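Structure in structure tokens, see below.
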């Protein structure tokens, strides 16, 4: 079939657009869960074999850029299995996680969502984010970075089978990372 | 009909995507009106019975989160009818609104646009925003937050029948709110 | 043809959405080239007759807003031909561009993408951006602004035939503009 | 007398203020100690904390104080800092607490500030730590007037009624007299990059609205002009585009108005139009002035006062049923808090009107206040220039023509038209405070003169 | 003796600290000179820079130092500032350099800091600039112990072994003894808005985890509780919602534990549970304690120490094979760096376990450390209030009950249960440093008393 | 003579500068008073404000000054602060004003700064405010040379021509002589986190481009190399990856060039290549040097000068028809402003070429200047280290070999090759200014020596 006045290219474009949009919408819904502090629902978006990884970043010379990020097996800010993510969520639910009481206020701005590879059962998607956090009277933190995800198709939606988060900062200008990316 | 190689699900997805996109584009066009200082055109995007509301936000313990936002009938930053919005616009047009002369420069970044409920004649949409304002030589303010809107279908486009704006800050780190969200 | 339960309007909307999306995706891919420091590939997105222009901005009274931006032929931050852009890219590739070694880390957040005019062979698109740059240990810069582009259709994609970048700041709160917008 | 009122910084005789006081960091440090370390400061209104355990955090200089309703209905002001290592024991702005547990080591204080819990009191401290000696530090004195809660860090400060004196009392009563007042939920808080004294000075300033707030007045949302008023001369003033300025008229729009200024000990003052001059209608209703209660509380003159009181140093009591704190955060940074009041007994529609007025006149998005901050910020910045700060600030309006009336019907007052007497008085008192003199001398030095 | 240990700021007798020292800018400036300009400071571990030209930038006060591996295997510490106009000669945090070329005029220094290149040396300087006199400034003294590299800006400082003394040496050996240790690639760096001394004080603080880290303990991810331990009395502590606090138990969860505190010259100290009390399992393995090497390096008592050493002023050596620097950036800003160690010879699965533990216990996203910064930040902020800062900080736990044992089997030590002796000792030594006295007197004044 | 030129901070004899002067806040405060409160400072060019009422806001230290074209064609410099309460009377950077109305109370000033409007002058001030005494404060002296407008806050400062002297005059004439010069619309403004003196020092620095701007030179966009020039010795300099540095050659690329340095009273100086050495072509045209007007204005030597003048303290007049202000904003923050000039009579294509050059050489996105800020910022930061700041800055190139020629054909000058004489002279004069001595002694102390 063709859409009136459209070509096969348009149909391909449409298919790609549908996928980009579906992933973007998935991310927007995910962000809403986080900003509404529905962490229990959020963690269920991850596959049981997921890997949630935020490497350390170093300021290195152009010649040695291969050393910019740490790798799995080295130090990281996050290097979590599903179990660790669930523990983090459980911790927040204890009612004794003082650093998050009063709760910090977060706003996830998700942008530049791109599906970069579609392998059928799984696809790779990249996105940029601005995570804005305010705490107490007037503490403000902004984290900027990108995410490289592997999403696994599941029941009309996705499971996050892999998430690599890259922050732009090297020295972290905030006292903790008690939020999710 | 089906798009080649697509299913009924795809058609539903396509319909939802069309709606999300239509709303997003509406917001981008709205943002352009504001950043181009076309306030007279902007205010016409609101229905005559609209309610433009920005509650105060308080830092409260997790136990008392129900007290985080003030409610209509309590204090707020904005609690406006169409008439008040029009008065604000008129005020800016007097040529004697000194705080906006020289005009502040604004940039509305609208993100995470999601239609969350479609009731046919009206729909509810949520979005995140970053409103960046610069004034005079080098005064810079960034407001981050979210909007919960009710949009009413009208003539192929929408009227904003309700807008609730949530800022992330509790203590407002800026000397005034002479801009629109 | 019509999509089940859709109208001619929907078909037009769909076509417009396809175009908006195609342009947005083009911008996201462009941003990725920049943030991955693939400047050689990036500069090839511009037409040979392109004009890359970032005027100066001045704080002026509302009465004299026509004097806010400088015009071509006056001073500017960028007023480049394809040749100059290539020279900038070549400069970064020399290995002796000290200001970019260690390389700065950039993240282009592209938002509010809107096709505002379609002339067939060329179209005009507007977008907002947040360009976040970190350098060395903890130097952080955020540039916010908008881009008015003319895109030329070419081989299923686009060439940037004209890009006007408007920054929000008047006094530039950063020591250099060694990055691209 | 000038010898008493004049100082390095303030010349009452010439009506001049040295601009350095608006940005000098050392002066700010002294203010923290000599003014905010000694004066009675407004904390909140009792209606904000009705039930036992209800608390509200308020600033006193750079100290953070928890105002807490006690089980016996009393109110205590506790420093929000743990006796062990100093951690804050409460991080919420307001709420209800069963107790205050420090998140560092778990020391627990009851709502009266008593230390009631110390993990390992026996096992680790071996019982030789005496909890009764390590409760939360209490503010030296706390008292309230008509529900307005004040406190001072200085044990030797005079009692609140003496401190408030006639003028301070009248100022608070101008709200109290309006009915059974309560605070509408929600305190607006925002920051202006200006010195706190510009924000205080401005509350007496009935000379600025006609110009500063011209655009707001032009929207017509701020009520009608009383008939028969006379517009002041424009004195040649022109807008930037060169046209003679058109003052809209009205009590805040350029009319020549009958005004009452009260001056009093410790630097309290009131300034602004008479009720008749101010008029009513629009967003503002003044029927309450004619109630029994009002006449009683305010007296014959007081019930005619429609101007703005300042309880020295930083509490603006606006006759439009709002009160604003001007909180110094730094030499060039001030935090503004707005408390809005309403009579509990008002019918819903009138209550709604009050809330509407409170939300749309002042505050950062208020039609009026949007313009104010810019003037104060620019006035502050221009005091750091080596040359600019040598230009004295002028407070000369009606200087020397203010005869201070003492007829027992009101606090010492000056009747006349708009003046800058109240501002000048505030700065004169400010320099007395900054001299660091004792309370008796301070009181003596802040007795208003015969003529100002 | 009190005469020696007490000071304006610290009363050892009363166990009180004056809060001003946690935010006063002048005191911070003095610390930069009197402490960070003289003390031996940890820079990095040799395993981070194995090959010639490998470098790592480390802070010494406000100076930036390049630690560089030399061709002869030695290590040099060079100031990262060009001898010509002062530009930094290296902008990377770490890497490998063939030389350091200044990007301003091209002066080039070899990895030993010698000036080997000056464009126009003949043609412009006409040969009368002597390169040998203008190399990169070298830090006065550099030395290392078991791979831990230290340096001091003071040429007259005692040699590193003397400076470390018994306690410092034992502290470092607690990591060294675990095997052939190397740093796992990646130094976590983050900033906390607190005074550096709160971050140091806390490392000795075995009284806070049970409450501060309650939520982390409740996740059960931090290992099991050793059997037979006794939970301390809650002393009436209640959570903010009014329920008696439930301490989870375990060495860090509220058990009354056997503890060893070492105190030593120059302010070094160790505090925490015995190995038996701390237990093992879960994330923590202590089989290494029973190795030949450990017994040798640590001695009979040392091998029982599971507490936390601090090498004065700012190196926390955590017995969980991590080390943390508390870097002062300003009176109210501290940068935290985490170095994580692992035995090169561990099998992959055990190595992976170590990395997992290092990534999930401490650091900004660590299950434990998330909560810490907030307490320190709030404790710091509350010291700027004019009234709040008059409340002394209390370090009274077991004060006066700590008998200092000197039996030659370990550094001077106090055995008992959890106390605040090590913190108090750190502040006592801090005031000796701040007196500006010479090294001999400093040593004399920091000899531990008989009883603390 | 050294006694005159040497100071605590600067040793002319050793060619050493104490680094503290680049970040010490107290020194910065003194600079605001002793230098920026007294010196003639560049404000703008007359062509920017051709019509009556045209204004341009310029900084003088921390004062904001409105430069306004008068109806009689004259120019006034008015402080942008209202005589009433100090509010800024103009918030735009530039434009055309019919008058300046203060937005606070409406006081209105004409473009000459006279107070022409006071709302309620009669009705509120009762006529006893004398407007003629409350105009906008005027800068003490304003004057211009060839369209360059300067002003000083010091009434006792010598007239502009005397202040400029031979060297300042020549400096300005190097642009004036190029034709009927006007400013191209648009002043580039940006901020660099460095001390202003690094930005000034750098303008004389013909030693840095070959390295700092190597990448820009390698793009070949900056014009050709004059034939027959000799490349300086690399002196062993190597790039970070260990290869001998390849200087590209050319006047800014490492050639050994004939250079002229002018030194003069009050600290003005010029330094750089001769016109022959600098060459022409590419972006730079120097045909104007051979015009009648140029020879007349510049004289036989002046017309050979292709180097960079600095009008003390902060006006860099670049021979490439641009001028740059280095505006101190704080000890470690400097704002850079670029003014770009073009000959009104140039044909469109040549004018376009000038604009192109102005847009692509300097400025934050300029091919050259991108690299500069980083060096200055890093050089500034390294002066706060307790140890680093003890390393003196070196200005030794050709020190002691500069014979000062006084042959009446030019200002006192040194001919030779690239040197650091001009920088050293600037710092020597800087310490004379900072001594706070009077104008006569200042002049005497800044007479160039026989040899430098």
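Things worth noting here:
Here the chain labels run A, B, C, D, E and F in written order, and each chain numbers its own residues starting at 1.
By definition in this document, a contact is a pair of C-beta atoms (placed from the backbone, for glycine too) under 8 Å apart; a residue touches a chain by one contact, two chains touch by 3 or more.
None of the values given here were measured: they were computed from a predicted structure.
Common neighbours of chain E and chain F under the contact definition above: A, B, C, D.
Computed from the mean C-alpha positions, the centre of chain A lies at a distance of 50 Å from the centre of chain F. Taking the mean of the C-alpha atoms as each chain's centre, chain A and chain C sit 25 Å apart.
Each chain gets a centre from the mean of its Cα atoms; for chain A and chain E, those two points are 34 Å apart.
Looking at chain C, one finds that residues 1, 3, 14, 17, 21, 59-61, 63, 95, 98, 101-102, 109, 111, 130, 136-138, 170-171, 173 touch two or more other chains.
Shared interface positions of chain E, i.e. residues touching 2 or more other chains, are given as 91-93, 103, 191, 212, 239-241, 371, 374-375. Contacts between chains leave no pair untouched here, as each chain touches all the others. Those residues of chain B lying in contact with chain D across their complex are 54-56, 58-61, 63-64, 67, 70-71, 73-79, 84, 87-88, 90-92, 94-99, 170-178.
Within the complex formed with chain B, the residues of chain C that make contact are 1-6, 9-10, 13-14, 16-17, 20-21, 57, 59-62, 65, 109, 111-114, 126, 128, 130, 144-146, 168-171, 173.
The part of chain F that touches chain B in the complex is made up of residues 91-93, 103, 191.
Here chain A touches chain D in the complex through residues 98, 101-102, 136-137, going by the rule given at the top.
Those residues of chain D that touch chain E in the complex are listed here as 32-33, 36-37, 60-64, 79-88, 91, 97-101, 103-108, 116-126, 128-129, 134, 137, 139, 153.
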